[in-house]
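Before anything else, here is the set of structures, which you'll find just below.
Okay, so chain A shows up in both of these, paired with chain B first and chain C after.
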Partner chain A sequence: MLRFFVRRLIVALLVTATVMTLAFVLTRLSGDLAISIAGPNATQADVDAVRKAYGLDRPVIRQYFDWVGRALTGDLGDSYFFKTRVANLLAERMPVTLTLGIVGLLIALAVSLPLGILAAVRENTVLDRLVQMVAVIGQAMPSFWLGLILMITLGLRGWLPISGTGSWQHYVMPGIVLAFSAIPALTRLTRAGMIQAMSSDYIRTARAKGLSRASILLKHALRNAAIPVVAIAAVALGFMLGGSIVIEQVFALHGVGFLAWESIGKNDFPVVQAVVMVLAVIYVALTTIADLLNAVLDPRLRSA
Partner chain B sequence: MTALLEIEQLEVGFGATAAVRGASLAVERGETHCLVGESGCGKSVTALAVMNLLARGGRRQAKRLAFEGEDIAGLDDHGMARLRGNRMAMIFQEPMTSLNPAYTVGSQMTEVLRRHRKVPQSQAVDRAADLLARVGITAPGLRLGQFPHQLSGGLRQRVMIAMALMCEPQLLIADEPTTALDVTVQAQILRLLAQLQRDLGLGMLLITHDLGIVARVAHRVSVMYAGEVVESASTAELFADPRHPYTQGLLRCVPIPGKVARDSPLGSIPGTVPRIGPGFEGCGFRDRCDFADASCAVAVPRRQVGATHEYLCRLTA
Partner chain C sequence: MSVVAIDAGPRRGWRSASTWVGAVIVGIAVFCALFTNQIVPHDPFMQNLGGRLKVPFWMEGADPAHLLGTDQLGRDYLSRLIYGCRISMLIGVTVSIVSALIGITIGVLGGFIGGRVDDVVLFAITTRLSLPVVLVALAVVGLLGTSMTILVITLGLLLWDRFAVVARSTTMQVRNLDFVAAAWCAGCSRFRILTHEVLPNIASHLVVVATLEVALAILLEAALSFLGLGVPPPLPSWGLMIAEAKDYMFFSPWVIVIPGVALFVLVLGINLLGDGLRDLFGARTDP
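Up next is the complex of A and B:
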């Protein structure tokens, strides 16, 4: 178990290092940062001054190691646009995005697990087909459109707040919209896993032991069917955290997605680099947690 | 006194295939009843039909299906679940996949006892450890905490047997329990089953295609072919005086020390078991039978030789 954990951790660190490098390289590739920071009306002298002030005149390799070195000590630099520490910006915006992502994942799991189990138990019936159809429609629906529909149906009647982050109710609608991005995949995976588990020999044994239907389904089958679901749920949560840009826009939630969108527009590269890095670290942490959870669910993985 | 398990005119169909066509047999209390036949003849399906564990799409119908004299054909899923694992237990051909990989041996063994009896967990663990020791597993305490993937195939089958015995069943159905194991392990498991059967007075329905096993452990044998029980007799009678041409053919395929001359070639039955649809008439073996004639295409008589030996054929001697 310890060896498994250490190996997962090493892989996680390597992935993080790779993503940090990519974040750095991609912001440099988007053009001359000094020119875009100085603005359209700047003279050559202004650009040179900006370049010197922000250290952009130094060799790229030095800039890279400087940034990595500071990032490792928690210093993510200053934002040009917001005139404040990037770390403070993230600390202020992260809770909004994290709350939104977790609400989204919880809604997604609460919908897709029962639906997937139901579809598997009633395999090839009308109900099964209906569930699959809903999943396809969910997959095909653009999230901003679903967001607007919810605003019109639930928001304009005053049942739920339309924008902002004042209370927990503010997270319900965007959470539903985010959940819809994960529900189709999670439902299908639960269904497929349950169908496979239900036709396995150990389920036949469980039935031969006279166990109750609930025990067969939820204890013996779901435990095994959940393994791929856990992995995909972690990826889905990572996707929700990184991909909530559109939803944060639609519902005016000032989270990390919104911050990234603003900073890209302003070429505020320390913020962009930091957002990419932090999201990558969270993503890597999530998949590592999913691996560990799977090792808890499936004892065979512990010796792998 | 009625038999422990009575099967009369059992029919099982999957789609357009008739897997079992009017099979009848009875397992007495405390006897080992072997059900033999080649692959695809309906042995396993018969066993699964008794336990009501047929795969989805299987249709079961029987004139009589009774356990300890009580009808079980009409039992709903809930009623059947109360019998299964409790008074009738089953072990399977696939020890490698029949245990749930996610739970320890101990958890899987104790749950069946606690499902059917009101006993505290500690008592269930004790019983599980006793049974593991009884099926020849050393260090039962250690094994209880292990997961199936940490055990060999032979050990897993021993665990399956111990688990089946948790509630002291009257009937144990063993569906080719040694087929997937090494030859040396096969012999051990078989000896174990025979010994447990004797010690516990189990009624056992042992499904096999190995006549060597039959000769060693069976009290009574039913030979199945294409979904029908074509011959049923005590083991001694069957080996001494096989009546059905299929049984005769099967016995010619097996070297029996002292009975078959060393240099004579072993027999074989040409062809394979036919796939039979609903509405099939006559003897299922007629296409492979040396004695078949036109009369074999209509209903075949069931003939009696003495009190305990019967077969399904137009031939009289």
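Up next is the complex of A and C:
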């Protein structure tokens, strides 16, 4: 058990290190950053000044280790555009993104758990097919377009606010849109897990004991079917945080995704670099926790 | 779609019905993509500022010359829609090819050789999955500039994970089968076993992944174009059409409904076809 934990943690650390390197390389893709920052009307003297001011005249390797060293102590550098610490910017914007992600996940679970159970219990009936259809439709729905459609239907009637933050109502529409991206996978997984659990020996025993249908379903089957769902829910949250950039832009929610989108347009590379890294690290942390949780809940997985 | 859902026939019948719906949708899209120039009623780039935002045929006051109306610059919407289909299909297929080349190579090597090589492959897949796709793609396109080539290469470099996962797991299964052992005994080289024994036997699984990957790439391209960092204007990508029409959506909702429905139906069709092929081949594509 301990060996498994240590192995997983080492892999997580290695992935984090690789992601940090990729985030750094990513922002150096355009070649000379000083030219992009100085803008199209800059003279050679301006470019040189920018290069010196931002430390871009140093060797790339020095810049890289400098960045990694500081990032490890929580110092993500300064934003060129906002003229503040990137870490402060992230701390300011992160609550919006996290709230959106958690609201999205809760909506997704509230829809997909009942749907998945329903489909499993009524396997191969019209109901089951309808549920699977919902999953297929959810998978094909372009999230930004769904957001706009909700705005011109629910928003225009004044039922829900169209953009910005401020109250819980502001998170309802974006939350629904974000949930759509996770509902297909979560529903399919709940359905498959329930079908497998329902055909297992312990359910037959529970039936033979004469337990009530509700007790068999909720206490015995769901508990086992929930294990993979919990893991995928953690992974889905990570995906949703990364994918929320589109939805934040549609609904003008000023979270980290919106921040990243703004910063890409302004060549504010310390911010872009930091957002890529932070989202990746959150994803790695969530998947690692999910794996460890799975191992605790289901001893059969530990040898993997 | 309701027709398919209501049908309560045997599972096989329902499945094949939805597969046929998918196949028909994909067939129409392929036709539109191949014969764009022959079937567009107007030049999709031709502006007519006097005839802006003409309504589509189902609304009062529609112009019969513009079945789906015109956009904010007076360009024929149907022509732009058909041209947009070509762009979506082109990007979907090329991205899928790039990511298939990367993913299948990595996955087959990991699954076939095993050991250290497989550890590295698993690590690469884990790392790739931890990167937020939309954000990284936006950053790359934002830094390098918007063009179709950059977009295709970027998405191709980001979407190989499912190919790698499926190629790896199916190769592992095939590797231990008797006919591979027979090939070893017959003195076949490693390369020959890979290309003649392993690849043909995992191909059906990979075809299913490829279909689903085309759909994913089309959705991502639309999202990136919508954010202004995908296909450059004035090319009529569906995502870009939605972005350009956004300012008019409260007064003329059809301007975003038409390209959005087209995008949704195409992706739905490809997914239905992919699901059908999966059932047909008995393939597994879950990561």
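In the analysis below, the second predicted complex is superposed on the first by the 290 of 304 C-alpha atoms of A that agree within 3 Å, B and C clash if a C-alpha of one lies under 4 Å from a C-alpha of the other, contacts with A are read in each partner's own complex, and residues count from 1 in each chain.
Everything that follows uses one rule, which is that a residue touches a chain if its C-beta (ideal position, glycine included) is under 8 Å from a C-beta of that chain, and two chains touch if they have at least 3 such contacts.
Everything numeric in this text was worked out from a predicted model, so none of it was measured.
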item: Fit-or-clash call for chain B and chain C when the two complexes are aligned on chain A; value: fit
item: Touched partner set for A:A280, first chain B, second chain C, both or neither; value: second
item: Which of chain B and chain C A:L211 touches, first, second, both or neither; value: first
item: Partner chain(s) touched by A:N224 [first = chain B, second = chain C, both, neither]; value: first
item: Contacts of A:N88 with chain B and chain C, given as first, second, both or neither; value: neither
item: Partner chain in contact with A:Y202 - chain B first, chain C second, else both or neither; value: first
item: Partner contacting more residues of chain A (chain B vs chain C); value: C
item: Touched partner set for A:V246, first chain B, second chain C, both or neither; value: second
item: Contacts of A:L297 with chain B and chain C, given as first, second, both or neither; value: first
item: Superposition-derived minimum Cα distance between chain C and chain B (Å); value: 14
item: Intersection of the chain A residues that touch chain B with those that touch chain C; value: none
item: Interfacial residue positions of chain A with respect to chain C in the complex; value: 11, 14-15, 18-19, 22, 26-27, 29-30, 36, 124-126, 129-130, 133, 136-137, 139-145, 148-149, 151-152, 156, 238, 241-243, 245-246, 249, 257, 260-261, 264-265, 267, 272, 275-276, 279-280, 283-284, 287
item: Sites on chain C touched by chain A in the complex; value: 1, 4-6, 8, 11, 14, 18, 123, 126-127, 129-136, 138-140, 142-144, 215, 219, 222-223, 226-227, 229, 239, 242, 246, 249-250, 253, 256-257, 260, 263-264, 267-268, 271-272, 275
item: Chain B contact footprint on chain A (complex, rising order); value: 123, 199-202, 204-213, 215, 220, 223-224, 297-300
item: Of all residues in chain B, those that touch chain A in their complex; value: 51, 53, 55-56, 77, 80-86, 89-90, 92, 94, 97-103, 111-112, 115-116, 147, 149, 160, 163
